[in-house]
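Data first, discussion second: the structure below is written as structure tokens.
All chains are identified by letter, namely A, B, C and D, in their written order; residue positions are counted from 1 within each chain.
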Amino acid sequence: MKKLMIAAAAFFILSAFTIIQKKQRIVFFGDSITQAGVKPDGFITRLGEMMKQKGIDNNYELIGAGIGGNKVYDLYLRMDEDVMAKNPDVVVIWVGVNDVWHKRSFGTGTDADKFEKFYNAIIKKLQAKNIKVLICTPASIGEKTDFSNEQDGDLNKYSNIIRSVAKNNNCQLIDLRKMTLDYNLANNKENKDRGILTLDGVHLNETGNNVVADVMYKALIP
Amino acid sequence: MKKLMIAAAAFFILSAFTIIQKKQRIVFFGDSITQAGVKPDGFITRLGEMMKQKGIDNNYELIGAGIGGNKVYDLYLRMDEDVMAKNPDVVVIWVGVNDVWHKRSFGTGTDADKFEKFYNAIIKKLQAKNIKVLICTPASIGEKTDFSNEQDGDLNKYSNIIRSVAKNNNCQLIDLRKMTLDYNLANNKENKDRGILTLDGVHLNETGNNVVADVMYKALIP
Amino acid sequence: MKKLMIAAAAFFILSAFTIIQKKQRIVFFGDSITQAGVKPDGFITRLGEMMKQKGIDNNYELIGAGIGGNKVYDLYLRMDEDVMAKNPDVVVIWVGVNDVWHKRSFGTGTDADKFEKFYNAIIKKLQAKNIKVLICTPASIGEKTDFSNEQDGDLNKYSNIIRSVAKNNNCQLIDLRKMTLDYNLANNKENKDRGILTLDGVHLNETGNNVVADVMYKALIP
Amino acid sequence: MKKLMIAAAAFFILSAFTIIQKKQRIVFFGDSITQAGVKPDGFITRLGEMMKQKGIDNNYELIGAGIGGNKVYDLYLRMDEDVMAKNPDVVVIWVGVNDVWHKRSFGTGTDADKFEKFYNAIIKKLQAKNIKVLICTPASIGEKTDFSNEQDGDLNKYSNIIRSVAKNNNCQLIDLRKMTLDYNLANNKENKDRGILTLDGVHLNETGNNVVADVMYKALIP
């Protein structure tokens, strides 16, 4: 009888614990790449499936907050509504491709100094609410491996800025730029500009979504 | 004696009124053109002198909040610190030249739809605090009168956006673009690209500061 | 018999006259707008039909030499092969849209001073062979009538250059820019950016082809 | 008397030899970098000094034909006057920086396909006159070694085009891009963007002029 009561007590304590334990809410905040991440084959969906396989999907809630064409200042403008309002525990920011790309395509990219300023402002607002922030470098605008994609120089420059922003704000860095370059050096022997991790040089194909999901998993799950 | 007492009473009442009456605080919020406005010969300084001449300088406090190179989203980023913190009664926003200009000079202008979005966001934040908002169209990037200044088309486009933003938000419009075009049609018979109201096509010369001060005075003083 | 001989003589004389009379060969030299001019509904085809209606089609041979994306220096590069080799009597040059447009779309427009330099070089080469040269201003990049099409300023600037090039080289000017502006002021009351003379702001629709053919006819046929 | 006659004979023979031996005329054809090459400390001047030291300066005539701001099509436009008219034996073409750079600074760079087309046209015209052609890749727009100079990607792309143009036309390649990258990897440990081989990331400093002169010497002198 005593044993039974102890067992019952243990059961209730564990139940209580489970009830108390809140799911960790992770918001993915970014541009069209993140927006596509919640599609059936997207990296956020894939990340959820990996968590299910590991039996930890009850511990995490994954929310996509990507909008096509967004630059760093667009994130700043909509962060109250799209991120803060969701009370996240963790925010993964992935932005920068359009800040560089739109310089050439529309004349509306982002100055390097302002890119840094807005990025810092976003992080400070999140950290002030004790939200954990992970930030990503932009993966690619073209997958050629000899640095002859037209905007490689600027993309490397903005990746350097993000690396420094991560350091200055004690943010965990997910270096997708480096990951992409390394992956392509190993797997893109023909120096193609697309088709390895991306459909068009920028947006992830199936392999890209899987590789990014793997990297994100390692970064997010201790 | 009775008359004296009435006079004294009147004096005290008027004094009391003066003491009660708070100065109206006007913040000029913008880019390098506004930044130069507080210089000894700038349009804000000139505006203060005009108020002194009319004997109404005790009713107004003029504050410059211009920073060189600012685009509309830069205003949004710093508006809490540089405008809201000053508890203004009135804010005069003059921005747009860099949003257009930097497309060509740095590839970092502002997309038309985002220009409007950020402008609306600034106005809504100010109006929510019952601050009166006046907004200006950008005057010029080049003063030629036959619309052959390289960025005239885009400047007209963004001026149209601002006119529509003023209407949609019930803001008073100060149409410096129209004023500049009209002034040049009358005074720039040689179709020069600078030297009429500006030093360089963009930044005000002495005449420009005077003309803008006149227009602002009429807009601000009922 | 005598009559027959006279008739025969008349026949031979007329035949001889026909043989002697050389058709005037007109080459239309330009970009995608000119390239589309030889399509069934294009302005060059339409021009040929107008000549037929007037019964003067035997006096003229019309040759299209337009290639999509061409700027002024592209014309210079291919002029020996595509124009000189055809021994034209008259060349109608219509170029400039891409020299302006590509500044924004690809960062590969043409500097104003070099635009003029290459244009002069083309004309001099043609005139040195006693070829008559007519040159056109670029019609439009957007049909809005209030000069708020993004590149109106630059297009007006390059049109001014062409007007001055025409004057300096004693070339007949076909001012399609002015014609387009005038036509739109009369017929585009809603300030639309396309659909009046063009399909997309640049390339001619049916009305555009007809209007241009009319203007060209008047310019070419004394 | 006999000795005198031998001396006289020797004198005439030598004179005759000198008369017979034609100097090899080398034209350096390019932009502002080549234009600066003929200054007292420029690489062309330095090349002449090296030839003097080796006692071979009588065999070569070095002519600078560089003009600031030139792109590949500017070379094509002026090649008859500035190169062909000088009857060169050898032409060293160094162009490409402005074709890339001006995309960002003025919106007037050169499309990749047209860059190749004009380059081929220049080479074919020279080779048709049995002129030996050596072509150079553009050295740098910024000297950072981690490919984070803004236009590194595009500069590498255009360098690849030039390497392929050299191959297709059987031209000797002077790979200044590779030379600059290698030199900086060895000597620019602090990842500076200027000051190693250049004054400003583009134009050669003293070391740059010496290093380029060395490379040119090896390429030109068998």
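A few comments on the model shown:
Note that contacts are C-beta pairs under 8 Å (C-beta built on N, C-alpha and C of every residue); 3 or more make two chains touch, one makes a residue touch a chain.
Bear in mind that the values here come from a model prediction, so they are computed numbers and not experimental data.
Note: the chain lying farthest from chain D is B, by mean C-alpha position. Between chain A and chain D the CA-based rotation angle works out to 175°, given as a multiple of 5. The centroid of the Cα atoms in chain A and the matching centroid in chain D are 47 Å apart.
Centroids built from CA atoms put chain B at 41 Å from chain A. Chain D has its Cα centroid 54 Å from the Cα centroid of chain B. Listed for chain D are residues 103-104, 106-107, each touching two or more other chains. Interface residues of chain C facing chain D in the complex, by the touch rule stated above, are 73-74, 76-77, 102-104, 106-111, 114, 117-118, 121.
In the complex of the two chains, the chain A residues touching chain D come out as 103-104, 107, 142, 146-157, 159-160.
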